[in-house]
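Both complexes below contain subunit A, partnered by subunit B and then by subunit C.
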Partner chain A sequence: MPAWVTLAKSPLSRFAMLLFALGLLRLVLLSVWEMHAALYRTHRREIPLTRLLIESLAWLFPMTRLYRARAGYSLASFTFHLGILIVTPFLGNHVDLFRDHFGLAWPALLKPVLDILTLLTLAAGAYLLLSRVYNRASRKLSNTPDYLLLALILCIFCSGFLSGQSWNPIPYDGLMLLHIISGMLLLAIIPFTKIAHCVLYPLVRLGTFVAWQFPPQAGKEVVQRLHGSEGRRI
Partner chain B sequence: MMASLRQSDRSNTQGAQVKKAFIHLEPSGLPDHPADRVSAFLTAFEAILEYGNYRFLLDLYARITSRCGRCASACQVYQATGNEKDVPCYRTTLLLDIYRRHFSPGGLLGSLSAKNGKLTAAAIDEMVELFYRCTTCRRCTLECPLGVDHGLITHLGRYILSEAGIAPKGLIVSVREQLEGKTANTSAIPLPALLDNLEFLQDELLEMKGAAVTFPVDRAGAEYIFFPAVSDYLMEADTLMGNAVVLHAAGISWTIGSQYYDGINYGLFYNDWVLERVISRLVGEAQRLKAAKILVGECGHASRSAKHYVPAFSQNNALPVVSVLELTWQLIQAKRIQLDPTAVPERVTYHDPCNMARSGWIVEQPRRILGSFVKDFVEMTPNGARNYCCGGGGGLVSLDETHEFRMRVSGKTKAEQIRRTGADIVATPCANCKKQLRELVEYYQLPVQVVGVHDLVLRAIQI
Partner chain C sequence: MDKIALQRLRDLLWFLVMAGLVAASVRFTRGLGATTGLNDAAPWGLWIAVKLGFVALAGGGFTLAGLVYVFRLESLRPMLRRAILIALLGYASFIVSLLFDLGLPWHIYMPILNWQHHSVMFEIAWCVMLYFSVLGLEFMPVILEHPWFARPFFKNIYHLLHRATIPLVIAGIVLSTLHQSSLGALFLIMPHRVHPLWYSAWIPVLFFTSAIAAGLFALIVESFVAQRLFSSRLRLSLLGRLGNAGAWVLWVYLGIRLGDLVVRGVLPAGLDGSWQSLIFVGEIVIGGMLPAMLLLLPGVRANRYGLLTCAILGIFGVLSQRMSLSMFTQWRPPGAPYFPSAFEIIIALAIPAAAGLVYLLFAENLPVLSHAPERQYSAPGLQHAAGARPSQYGSLFQRNRAHGLQRSSGLAVVAIALTAAFAPARSIQGAQLPTSPVSPARGWESLAIDGNRRDRLVIFPHTDHQQRLANELGERACQVCHHLDLPGDRATACSACHQENDSPTRIFDHTLHTRQLGGNAACQQCHLGEHRAQTAAACAACHENMSSMAGEKPFQYFAPSYQQALHGRCLACHQERQAAADIPDLASCSVCHFKPAELQRSNAPHHQ
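Right, the complex of A and B next:
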């Protein structure tokens, strides 16, 4: 049995998946708890949930927003996200792997469809990476993990795509080993990286709303902590 | 001019001048030694995290920010300078990195991904400059796919700096007079001078409209207690007369409080302690006179701070806060005031104050007010919740040392917007916006008059 098959079916692979799921669950629970505690300290109880939900949903289906600013980058980002969200869970091999580990399965998409989506994802990812390198503002903003994460995702998609092609010039087993290792690595680190936005996204606008509700007396308490009970002059 | 602007901004010459002007020494003395400044900042940050509601948000933002830079496309400061440091996300990342490095549970591990996490005196200088180059208009927030509010981060950054002893002199002096001075207002107008002024306005109105319109002071039990930007009493007579005439014509019971009459709340720009103290003065005066509601005049940040923070800081039964624009539109709809549709033949455009329009709160009302009697109304593009800042937001307009920056950088887009409308009049319901727009009009030599919405209402109202 090739090493990559052994690795894919190993407890290590399951561990990476569990780390991914439990790590993200921890972040959601932690964020909700912290937000609840913050809201409790304020006097505001009414939250415009519908408005916040609409604003969040509007960016999940950003049809009118794509061309409003940085059209190329926005389109690439949208395609990149779409590709990841469709190809990863609906690839036949991934469905099989998940069934082997956890006994759950769902229908897979046809390979030609996934191949096209993968190519689009790769093109979009490459565009995003190049934008970070060549756009002056983006380069200034970017840090090392921004580049590494993008490169890791591109590596996973590239190795996965090539391994499914008859014309693939690279040894199949080596390519799959790279695919499995990089995939496991990504799953394991996602909860500790900015990709955590995949589950925290719905909480951001709500959190921002809560944070604008300053707790009564907090400013005074800050002053007393810094300057004693006498406070300070303005 | 654009070329020289970019050059000067990239070399940070102007920024350095602005920065120097912003440094404010506390009476106790801001530590001169760089290490002490760092320590003062971190101590203030820690206290704010302990008592404020910012920690969970910084955690949330630190976990998700992707630094895509899309926010840059929305920022008029970045559009004017092309300076990467003016990208809103750059500013936010500065503070998030410091938070991660010094205060997040991940500590050192989290800081491995942070470029500039270690706080230094130079980092503080950079934050002073960048947080005060931002006009806190929050337009960038509309373009952040993840929903990060860079305006809130600017507010927090300024708050930490102020508790570490660094805040603009112009704001400090005004707030000190408002909360600790004899006159209890930011323009230092003594009560006798205010009363003289009100008498003068009443005489003016009698002459202008032939009606005995009064500015009631200390009328107990009125429906509304009125808080305009206090500077309006000195500089915006037509706006105030417009407000008074509307209330008079509709038979509204209202009053001005003699012990506190200033709607301005600079705390919204830089310090939560100040913000809450001003709100409590407002509410205290309303309670003293047993007013049923708080009516805020034509002032963007005063309207937003009262609307938002009177309920937020009130334990129970918060007094309702109404913008004078909301009230006037209600009165027009109810046909309680009549406006002459021939009174304003000029072409009029409307500038949305960010603090009113960004949340969608006051967008339609002023347009409907103006639409009810102005024949030739033209919109700026973009407008409403997506409007561009006048360039003087976040308190910058109150700081004379920022004049060149406001003209050449932060207000440049707005000047161009106004020019494109071809309007004769720009109406805007905000004292700060009006001051900034008048300076822009003069600087760019635009053939436009800048007025308040109620200045035009005053011209058109029939009593």
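Right, the complex of A and C next:
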């Protein structure tokens, strides 16, 4: 058996997948719990759920805000996310793996379609990486994980794409080993990095809303903390 | 209070408990066979040994209760509550681990209904139930002192329990005396299993005395731990007295133990150099005589390190006796070795870890370590008296709780993922089929086919079949049976591909094929379109000397098992001909599986 098959069947890959699933579940439960606790303190019960839902959905499509600055960045980001969300679950080989190991199956997309989508994703990812480097504001805001995570995702897409091409100059087994290692690494670290937004996104608007609710008399306490127990008139 | 040490200890215990949670769920869903190294020949293992240890460490409860309430040694009263807490946790651990060890844990209540007067287990079950209840009642007042229970209803219960203290204490002493000794009595009925150096008619007495010593030593160790973690007062003179008492009890235990060995004349076996004798000597000298001797010296007792070391040594000696007796030196039939599985070890660690967490919880929140509570209670409304400012939101307590939740849930995720991922395949997927390598058929004109070498031969007239088929098919006759050949070979034997008698064999080497065909550029030679297993071409498309039989899939990763392959190939032909040539019974079992008496070996080991 090639090394990558052995690795993919090893406990290590099971560990990565369990970390991924349990870690994300933990994040969701924690944020729900914390929101509940925060709301409980503010004595506020009514939440504008519909408005928050519409806002969340609207933010899914940054095209609606293209008139703002950095239209190219928004477009690239959208393409990048779309590519990841379509190519990963609907690739025939991935569908086969899921069917064989979990007994779940769904139709796969045609390979030429996925190839084009993969290329688009790679281009968008490269654009995102470059704009992080060359845009002054982005560069100042970026830290090491931002670069490394993007590079890791691009590495997974590159190796996966190349291994399916007949003109690929790199040995197939080596490429698949790279694909498996980087994929496992990404799965394992997702719950501990900013990519956790893949499950936390629906809660972001809600969390922001809750965070800006204050308990009654909160202002007074802030003044007390800042200026001593007497408080000063503002 | 050493907050960092406390946090680290709590993290470690929590990690173990979460790992144990996975192991427990597997044990209760898949059963003992899938999770433990036990078998019918070695039915008692690590869990029994650990369980005996829990009970030994719990011995301080009844000892101290007796000393304070019956012998009126009031100076020992400050140690009483922690002694009862340790006993309570020890017995709780015992009961929880009993649930793991019972084959049908949901039958644990059965001794209440079915009274088997002659069974030692019956006595043990009743004593454990009753003594655990007594311990719970003895400890209840400590819980009821918490401000949560400030209502009159609970106060009444509190006073009631106070009035019932003496009867409870006496019941506790009687029950635990019975229980400690009857645990030992369990081993009286297995003289053939217990090693002679540990077997004794006095085991019940040995268990009882050693539990007193171990319980006293456990109290000493606990006092040092509490002093380190919670800065509780270390009463060194009091602990010295406990150590002194423990030493005398240890001498009594050693006297009975060694005296019995001398009387029975087994003592020389303790010096014969076998590994059992090494354990024995270490246990008696390092875990028995050494601490018992040192603790009689006032200088050692007054020195905190001396006292702690001696207490740990004494506990080691008692635990070693119980674990050797029940696990290490037990006789097991040859060919049935026992080594605890990973899950057994995890659970054996997780149960005391859970008890440790409960101990930390109680020690922090209840007046256990001394009669004054560790955490200052105050009337509602003045909760933030010390240090913290009054605040409704973002208070210190709430932030700590949120932080603790994140930390503990993160640890839980890692512990659960680690345990579940690295769990042995046996415990997740159940028992695996043993491998059954095939032995090739022997002979030429007639082949003796016996894939699994069980001496149940099938005599296959090879040349006879060759001639019959050659008359019909000419050149292609061989390919009817030899349907796939190794490269450069003709008429490869069945056993070359069908390598297992009972399970399929993986026969396709993808790496070899890509390498031979020129790397990635060659994908399209076999895969039409996408690179998936379904799109692969049949072997015969390239390998011209390979023929596919009707009904066979064009491409297969696996060759079916030897038995399945041979039955399939022979029977298909025989059934066809039975119908076509009207030969009755051509496809019946006895055509091939007849019994040529001269070919059957006599005294065949597996012959039925």
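Structural remarks
Everything that follows uses one rule, which is that the second predicted complex is superposed on the first by the 212 of 234 C-alpha atoms of A that agree within 3 Å, B and C clash if a C-alpha of one lies under 4 Å from a C-alpha of the other, contacts with A are read in each partner's own complex, and residues count from 1 in each chain.
The rule we apply is simple: contacts are C-beta pairs under 8 Å (C-beta built on N, C-alpha and C of every residue); 3 or more make two chains touch, one makes a residue touch a chain.
Here the structure is a predicted model, which means the values were calculated and not measured.
In the superposed model, A:Leu12 lies in contact with subunit C only, and not with subunit B. Contacts of A:Arg225 after superposition: both subunit B and subunit C are touched.
When both complexes are overlaid on chain A, the residue A:Leu141 reaches subunit B alone and has no touch with subunit C.
In the superposed model, A:Phe102 makes contact with neither subunit B nor subunit C.
In the superposed model, A:Trp167 lies in contact with subunit C only, and not with subunit B. Contacts of A:Gln217 after superposition on the shared chain: both subunit B and subunit C are touched.
Of the two partner chains, subunit C is the only one that A:Asn93 touches; subunit B does not reach it.
By the touch criterion defined above, A:Ala37 reaches both subunit B and subunit C.
Taking subunit A as the reference, the larger set of touched residues comes from B, when subunit B and subunit C are compared. Shared-chain residue A:Lys111: touches subunit C; no touch with subunit B. Subunit A residues 30, 34, 37, 41-42, 214-215, 217-218, 221, 225 lie at the interface with subunit B in one structure and with subunit C in the other. On subunit B, the positions that touch subunit A within their shared complex are 26-28, 43-44, 47-48, 50-57, 59-61, 63-70, 72-74, 78, 84-85, 87, 89-90, 93, 113-115, 143, 145-149, 152, 163, 172, 175-176, 179-180, 271-277, 308-309, 311-315, 318. Across the complex, subunit C is touched by residues 2, 11-12, 14-15, 18-19, 22-23, 26, 29-30, 33-34, 37, 41-42, 92-93, 96, 111, 163-173, 191, 214-215, 217-218, 221, 225 of subunit A. Every residue of subunit A that touches subunit B in the complex is listed here, in rising order: 27, 30-31, 34-35, 37-38, 41-44, 55-56, 59, 62, 65, 68-70, 73-74, 77, 135-146, 194, 196-197, 200-201, 203-205, 207-208, 210-223, 225-226, 232-234. Residue ranges on subunit C touching subunit A, taken from their complex, read 389, 391-393, 398, 402, 405-406, 409-410, 412-414, 416-418, 420-423, 510-511, 514, 519-521, 523-524, 529-534.
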